[in-house]
Each structure stands twice: as C-alpha cells, then as structure tokens.
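Below, chain A partners chain B and then partners chain C, in two separate complexes.
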Partner chain A sequence: MGLVVPRGRGVDALGRALEEGWRAPASVEAQGLPGGQTPVYRVPAEAMVDPRALRAARRADRLTRMAVLAAWDAAAEGGLTAEGAGARVGVIFATALGPHATTFAFLDGILDYGQAGVSPTQFSHAVHNAAAAYIALALGIRGPALTFTQFHFGFHEAVRMAGAWLAGGRCEAVLVGAAEECGTVQASIAARRLAPPADGRIRPFAFGRPAGTVPGEGAAFFLLTPDGGASDAARIEVAFGAESAAGIDAETGLLILDAGGLSSEEAAYADAAQAGVPVASYAPVFGGTLGLSAFHASAAALTLRRERSFATPVPDHAPERALRVETGGRPVREAVCLRLDCAGRAAALRLRCSRGR
Partner chain B sequence: MPEPSREEEIGQLCARLKELLISQLNIEGITPDRIQDDDALFGDGLGLDSLDAVEIVVLLQRNFGVEVKDMEKGREIFRTVRSLAEFVYEQQHAAP
Partner chain C sequence: MSARPGGRVRLSGIGLVSAAGEDTAGTLASFRAGRRDPGPVTLFETPLACPVFETGLPQGSAAEGSRTLRLARRALVEALAEAGLDPRRDLQGPRVGVCLGTTVASQLNDLPFYTAFRADGRAPMEAVDRFLKGNLAEQLARELGAEGPCATIANACSSGADAIGTAWSWIRSGACDLAVAGGADEMNLVPLCGFHSLGVVSPEPCAPFDRDRRGLNLGEGAGILILEREEAAARRDAVSGLFVAGYGGACDAHHLTAPRPDGSGLESAVREALREAGAEPSDIAFVNAHGTATRDNDRVEGQALARLFGPDVRVLSTKGYVGHTLGAAGALEAGFTALALREGWVPASAGFRTPDPEIPLVPVTDITRIEGRMALSTSLAFGGVNAALVLERAP
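On to the complex of A and B.
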C-alpha cells in the first residue's frame, strides 16, 4: 500500500502516526470567520516532493500529486514498476469532492477575468478523472482507468469493481485508492458548518453529539491481485447492507468505525460500537474526511501486517459496553471498517490476514 | 522624477515575467535569477511546450491586459522572456 497522510508519506509515517495517537492540528486562514483561522490536518509540503514519481506531473494540482505519490508507493511495494505495468494493470480512483480547489480556482478565473481569461490548465484539471490519468501516466499503465465519485461509498465501489476486473481476468493487478484534499474552501465550509472542536480533538465516539470535526486530507492506495502477492498481504472484501459488518470474532477481530464528526447522523454507529467486539476509529489521526474509509483500510492493513493493534486516539464518549483497543500485542486476524451514510445505509471493508492460507 | 527609459521598463517587465512564468506554469527547481532574458522558452531552453504557450496567452491577458491576436506572430513573441517583455511594452505604449 501507499499513503500520503497529514503526518507524512509512506507506511512508516502511518505507523508512527498510529503509535503516537492524537496530535494538535495546524491552522489555516478561513475567510469571513471571527479570528480568521480554523484547524486542519494538511499534508506537509515536504511530503509531496519526489521528482521521479512526479516527473510528468508539473501541471498537476495538490489532489493529483497526493494520489500519484500514494499510487506510486503502492505499486513499488507490490513490485510493480513504471517499466513493467503495461496493459494488464488497471487503476480505480475514488474521491468525494475531487479537485475542488482547482474547480473553484477555475470559477474564480471566470469571475475575475471572463470566459476568455480562464486558465486552460485549470479547466483540464478540474475534472475528477485527472488523478487516475496522471497515475496511469506516471506508472506506464495502459489498462483501464476509472474514477468513482461518491460521498460515502466511492472507495467501496472501487474495491468491488477491482474484484470484478480481477475475477474476470480483465486485469492481473489493480491499483485501487482514494484521495481527498483540504483546500481553503473546504476548510472554510467545515469551520462554518461542522463546528471544529475548540481543543482540536475529533471525537469519533460522540455519535452525533455536536462534537464537530477537523478537516483532513491525504491519499491511500492499494495494489490488489488475485493471489495477494507478498506473504504479509491481506485479503480485502467489500460488502453492502445492514449485516455487512456482522460476524466479527470477539477474540481476534477489530471493528473500525468511519465516524469522524462529519455528520449528526453518526448516532447510528452507536449500536455497532456495542456489538461485543473491540472498536476503534482513527479519524483524529487522519482528520475528518470523506475519504476516511480508505485511510481506515490502510490502518486495518497495517494492524494485520504488524500483528498488533493501535489504540483509538481519542476515546472520549465511548459507550460503556464498547470494548476499547489498546496499543500492543493483542493479535488481530480480521479488521472490518464500517461506513454508514446519512441515510443509514452501510458498507464494510473486511480485511483478513492471509498468512497460513 | 524622470520617466523610465524603454530599456528600464523592459528590464522590469522581464523580471516580472520570470516570476509569473515560474508561478503560473509551475516550473519547478528554478528561480527567476537563473533565467536569462534571452533564454529560449521552448525546446532546449526552459523546456516549455504548446500547452504552456496557451497558458502564457492567458498570463499576458490577465496580468498586462494585452492580447495575442495574431498567432503567426506568436512564434516570435514567445521566443524568449525579452521578446515577451518587448511585446508587452509595445502593446502598452501603442497608440489607442
């Protein structure tokens, strides 16, 4: 897998972030707000410097750069090189808000300079499919490239489609991932509508109480193959529906809730939290983002790979019957990431350790 | 205070254009002082391409209010930073 997260780039950066737990967010300007500042979790600029991976991405915007770097690392970890990708590898990219900072910059250009004065580069990069195209270009991939744009289940649909491509022999491997960007527009909207907590702590277990969120950003990619490839690979399955997260073993399982303070409807996670299996949410590490499912999948994969669990960073408000996760030696053989949308629809990503298959 | 000479104005335009080219075209790993006024913008010089040419047209319109209407002349106008600056200067000082 490959990652670009607010604590840096790569699997080691993810591991350090999960070990360390919560860290105070940075602040950015939010137009029209009292004080003019709002907390955010943004990817540091130094994490997005890589002349080799980004050699064909000079014109690419922030969202695309994060996606290319994460995909590049996932491909490298899976032994896929820019020379060897070719026509038998596919790309599926999921995003909720896409390159919205570029879209708004393009619209600003129309307002400020008229239709004849807009940037053609911004126009061509304001489409959600740009990131997938850049990934294919960077890695020499000539197989199918697809983008899912959905608020809640885009990454789940991407994983399901990748499974279909692999099962049908359409591809020998598929790079599947998601990315979300936190620009000034999103930060301002979050500041006005999602009430960032005064102490900067996202409380995933608030379950609909007015806890608020701190917007985040990043990219996470996985290289999926039919046989799992490396010995420390995990199996990933996706299921939709009310029972999608059912049947987790209480001794060796982990339930990760995609709750991040983004919506008052998160009260629906409360029942799942009391299902008798250990629960966690790492939204306080990644930030509140619609791409949380992909980031949680990466946390789940690392949990399986390292055979150790990571404590939930901010356990405030956890229901009494919820079983918390401690950092350390408890072996986890299966991790299920549960996502609920505003209407209560559910989807789950189930990752299993593939050792000893 | 005396009016700046043509050469002084073109020198100032060159400096401004170098900053704009780097920021607007996302040219990485180079600073304005590393670009010579007579460096080629395309090919072996800065390595710009046809997409950048379209972006430069927008850049000139947005920042200097000048339009490149005759693309036949564009090849000469877009040759170097100095030729761009001279074009901007001539347009700004053209009789209405």
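On to the complex of A and C.
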C-alpha cells in the first residue's frame, strides 16, 4: 500500500502517526470567518516532492499529486514497475469531491479573464479522472481505469469492482485507492458547516453529539492481486448491509468505525460497537474526510502487518460495552472497517491476515 | 462465436433524452428524417458564439435538483416503462443496482455561489447542499429504494459507457440481478468555456469524420438502460430481444487530453469487449463511433476502427444529431446502437460530406439497412480512457 497523510508520506509515516497519537492540526486561511483561519489536517508540501514519481504529473494539482504518490508507493511495495504494468493492470480511483480546488481556480479564470480567457490546463485538470490518468501515465498502466465519485461508499464500490476484474481474469493486479484534498474554499465551507472543535480534536466516539470535525486530506492506494498471491499480504473483502461487520472475534478482531464528526447522524455507530469487541477510530489522525474508509483500511492493514494495535488517538466518550484498544502488541488477525451513510446503510471492509501468516 | 462466462445480460428498457428527441420515438423520428437543430446557448449567458444541442427540458425548481438529475429522471421513466417495471414495487432492495456516469454533476461548479463566496466568504450554502444531495447514482438509488451496488462514474466523456459496463460487470459477477445504468449531463458553462479554451469547439454544426471538420458541438441529455440478469428477466417475462454482450476498457497512458496517436488504447478496449462478447470483428454489423468531430479524435478513432474492422465497416457518429453530451454520451450512444439493432437500420452520419484522406473509412451517408445481430459503441475520453460496448439483438 501507499499513503500520503497529514503526517507525511509512506507507511512509516502512518505508523509513526498511529504510535504518537493526536497532534494539533495546521491552520489555513478561511475566507469570511472571524480571525480568517480554520484548522485542517493538511498534507505538508514537503511530503509531495518526488521528481521521479511526479515526472508525468509535474503540472498537476495537489489532489492528483497525492494520488500519484500513494499509487506509486503501493505499486513499488507490491513489486509493480512502470516497465511491468501494461494491459493486465487496472486502476480504480475513488474521490468524493475530486479536484475541487482546480475547479474553483477555473471559476476564478472565468471571473477574472472572462469566458474566453480561461486556462485549458486548469479545465483538463478539473475532471475527476485526471488523477487516474496521471497514475496510468506514471506507471504505464494500459488496462481499464475507472473513477468513482460519491459521498459514502465510493471506495467500497471500487474494491468491489477490483474484485470482479480480478475474479473474472480481466486484470492480474488492480491499483485501488482514494484521495481527497482540502483547499481553502472547502476549508471555509467546512468551518461554517462542520463546526470544528475549538481545541482541534476530533472525537470520533461522540457519535452525533455536537462534537464537530476538522477536515482532512490525503491519499491511500492498495495494490490488489488475486487471493493466493504474495504470502505476506493481507486479504481484503467488502460487504454491504446491516450484517456486514458481524461476527468479529473478540480475541483477535478489531472494529474500526468511520465515525469522525462529518455527520450529525453518527449515533448508529454506537449500536455497531459490539459487546467485548475492541473498537477504534483514527479520524483524529487523518482528519474528517469523505475518504476516511480508505485511510482506515490502511490503518487496518498496518495493524495486521505489524501485529500491533493502535489506540484511538482521542478516545473521549468511548463506548462502554466495547473494548477500548491500547497501543501495543495485542495480536489482531482480522480488522473490520465499518462505514454508515446518513440513512444508516452499512458497508464494511474486512481485512484478514493471509494464510501464510 | 464462443460460449461466454458469467451469463447474459438483457437490455430490457431504454430511455433517451437529447436534442434529437425527448424519448426513443422522437429520437428515431429525427434520425429517420436526418433532422438536426443546433442553436445558440439559451440556458445561460455567454459571449461564446457556437452552436449547441440543448434539449427542450424546461427550467426546474431548486427542489427538483440539478438539471442533470432531472434529465436522468426523465430518461429513467421511459426506460422503466419499456422494461415493464413499476418503480414503486420492483426496484427496492439489495438486488437492484444503480450506476450512472456524469461529468458536470460531479463538480461543485456553481458560478453564482462562487462569485458570492469570493466577494466575502459568506455565500449562501444552497448550492453546496444541492451538490451534496445531487450525486447522480446515490440520489436516484435513494429515490428508487435500490439498495444494491451504487456508483457514480466520473470518467470524463466515457462515463456513460463505463457506467453501463460497470453495471454489466455487477450483474455478471452476481452483485445484483437488475441495474439502472447510463449517464446524464446538462449544458453547463464550465465545459463550454473549457472546451472553447482548448480550441476544439466548432463555430458551425459539427461534421464527424469529415475532412473539413472544425471541432465539436456541446450537447446535453441522458441515456438510461435497464440491465437484467437473463434468468431474472425471464422470470418476469421481460420480452426485450436486446443484450449488452461485452464491455472493454483500456487507458492510453499517453496524455491528459490527446488520444494516443497509434489508437492502441482504443484497440485494446474493443478487443476486450469483443472477447467478452465471444465475438469476432466480422460479427459486428456497424460501429457507432465516438466521432466528436475534433481533428485528433476522428483521425485516431477512424484509423483504429479501420484496422480492427477493415475500411468497409459501417460506421457512423450520432453526435451530428445530439452534440457531445459528455457524461451522457456513451450511454446515449449505447441506446442509439441498441435501437438501430432493433429497428434494423442506422441513420446517416449527420454532418459528413467529404472523406478525409487521413481516415481510411467513410461513414454511412444515408439511412442504411443492417443485417447483423451485433454492434459496437465506442467512447474515448480525457485521461486517455477508452471504452467499448458490444450490443446484441436476439435472432
């Protein structure tokens, strides 16, 4: 897997962030707000410098650069090179808001220079599938490419589609990932709509109490191959419906909730916390983002890979009947990331150690 | 033809809204008459003088959602009626999926909102709310009560074709029994300015594959197909004799806006669709090409299709009748292709007059009878995306 997160780029950056726990977010400019600033879990510019990986995407926007770097790292970790990709590798990208900062920059062009004076480069980069295109360019991928855009289960549908491509023999490997950015316009909208807490702490276990959230950004990609591939890989499955997170073993399982204060309707997560099953959420590390499912999948994969649990960075209001996870060597063989939409519909990503471990 | 895995996917309903007609009957009438009627933009103020293909859909209220959403709803009503499905009874539950493509509806590109925001940061949030409630597939799935797979595809100009292909894959892999699939896009200021800035908008009605073509005309519309697992369709006596037989996708890995000059990405997508359909190139009766009327697209696509099918292949572009409808294009054109198979004829490729020496095939210039049972619809898009759908008619 490959990651670009507010604490930096790479699996080790995520590992350090999960070990360290909560850290205060950055402040960014926010128009129309008292003080003109709002907190955002923003990816630092220095995490997005890599002339080799970004050679094809050197003129691309932040969203694309985050996605390319995460996909590049996932491919490298999985042994996929630009020379070896070709027509049997696919890419599926999920994004809820897409390159919205570029869209707003394009609208700036209309307002500043008139309808006939806009930038063609900004226009072509404002399409949602620009990131997938640059990933294909960077890695020489000539197989199918899809971009899913929706607010709830986009990453889950991407994983489902990748599974169909692999099972049907269309692809030998699929790069699946998600990315979201938080530009200044979105930060301002979030500040008005999502009530960022004054202390900058996301409280994922508030479950609908008026806790608010702090927007975040980043990218997470996974190289998926057919089951039975690499012996040190984890297995990922996606399930939909009310029972999608059922049956987690209390001794060796972990339930990760996609709760993060993005919605005021997160009370159903409290019901999902199962008696005696360890529960966690890492929204305080990633920020409140519609791409949280993919980031949580990366945390789940790291938990399995390192055979090490990570505590919820801000555990306030932790559900009483569930088991609170401490950072340490507790063995986890299965991690289930649960996402609920505003209507209470559920989808889960279930990651397990492969047979070889 | 060889046996195919995964079962057949029946196309049991078609709904079409475009400048060629408010439904399939109107569309066929326009095609039969060779009628096309591009005109200036009427839906918003613009100094850009270029013909576009708007539908007659009236302006709606804010409560009805975006124009794109309303176009999709209108096409959906026709598709469901043809399929004999009652939206209040037949589409609820986890075995019904919704997969729709769009470009415009995926962006928060509301210029009045952004103008107000830029002024003082205190813009009214209605545009944001409308955007958050307007995700095409999520919203229509909510309205229908469909709880199966749900995806909005934003693959630029192949979004509609890829949405149909994705839904086809869902049914073949067992994720659902029935899917609402297609695409929709409204006439919008952002793509109009954007394509104009790229220098690919024609100042006159477009002429796909013509030597003197000067670029594309934008259009708007929606195409919705009802796809069903064959066994499920048979159980409710769905009588359509049409099928989605194959889907292929491939990327160019070449350039963000220009197709790979050798057309190998498109070739790969077509070969994949043919393989999935268990078809040979000789099984294809005609090709409904992407045919945008831009210099690059038509040259690369024409050369690739000629290599695949030979220079005598029957090919047309329907964009001469409806313009380039972006996220709806692949879905509308799949619908047009299916209609042509059912009716046994294809319309003239509107706008074509003079062969291009760089393009080794000539599109049909009159209404042309077709005998075969399979046809191909191709889509090329920003990002170097290529998609191909094989449609089939029962014997």
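Here are a few things to note about the model shown:
The rule is simple: the second predicted complex is superposed on the first by the 349 of 357 C-alpha atoms of A that agree within 3 Å, B and C clash if a C-alpha of one lies under 4 Å from a C-alpha of the other, contacts with A are read in each partner's own complex, and residues count from 1 in each chain.
Just so it is clear, a contact is a pair of C-beta atoms (placed from the backbone, for glycine too) under 8 Å apart; a residue touches a chain by one contact, two chains touch by 3 or more.
What you are looking at is a predicted structure, and each value in this text was computed from that prediction instead of being measured.
Overlaying the two complexes via chain A leaves chain B and chain C side by side, clear of any clash. Residue contacts after overlaying the shared chain place A:120 against chain B and chain C alike. By the touch criterion stated above, A:203 is placed in contact with neither chain B nor chain C.
Once the two complexes are overlaid on the shared chain, A:42 sits clear of chain B and of chain C alike.
With chain A as vertex, the superposed Cα centres of chain B and chain C define an angle of 70 degrees, given in steps of 10.
Of the two partner chains placed by superposition, only chain C is touched by A:168; chain B is not. Once chain A of one complex is fitted onto chain A of the other, the partner contacts of A:58 are limited to chain B, with no touch recorded for chain C. If you count the residues of chain A touched by chain B and by chain C, you find the higher number for C. In the superposition on chain A, contact of A:141 is made with chain C only, not with chain B.
After superposing the two complexes on chain A, the closest approach between C-alpha atoms of chain B and chain C comes to 8 Å. Taken together, the two structures place residues 116, 118-120 of chain A in contact with chain B in one case and with chain C in the other.
The touching residues of chain A, counted against chain B in their complex, run 51, 58-59, 112-113, 116-121. For chain B in complex with chain A, the residues that touch the partner chain are 24-29, 51, 54-55, 58, 61-62. Considering their complex, residues 30-33, 87, 91, 97-98, 100, 103-104, 106-111, 114-116, 118-120, 123-130, 132-134, 136-137, 139-154, 157, 160-161, 163-165, 167-168, 170, 185, 188-189, 192-193, 240-241, 343, 345 of chain A touch chain C. Residue ranges on chain C touching chain A, taken from their complex, read 5-6, 46-48, 94, 103, 106-109, 111, 114-115, 117-118, 120-122, 125, 128, 132, 135, 137-138, 142, 147, 149-156, 162, 166, 169-170, 172-173, 175, 189-199, 248-257, 264-265, 268-269, 272, 381-385.
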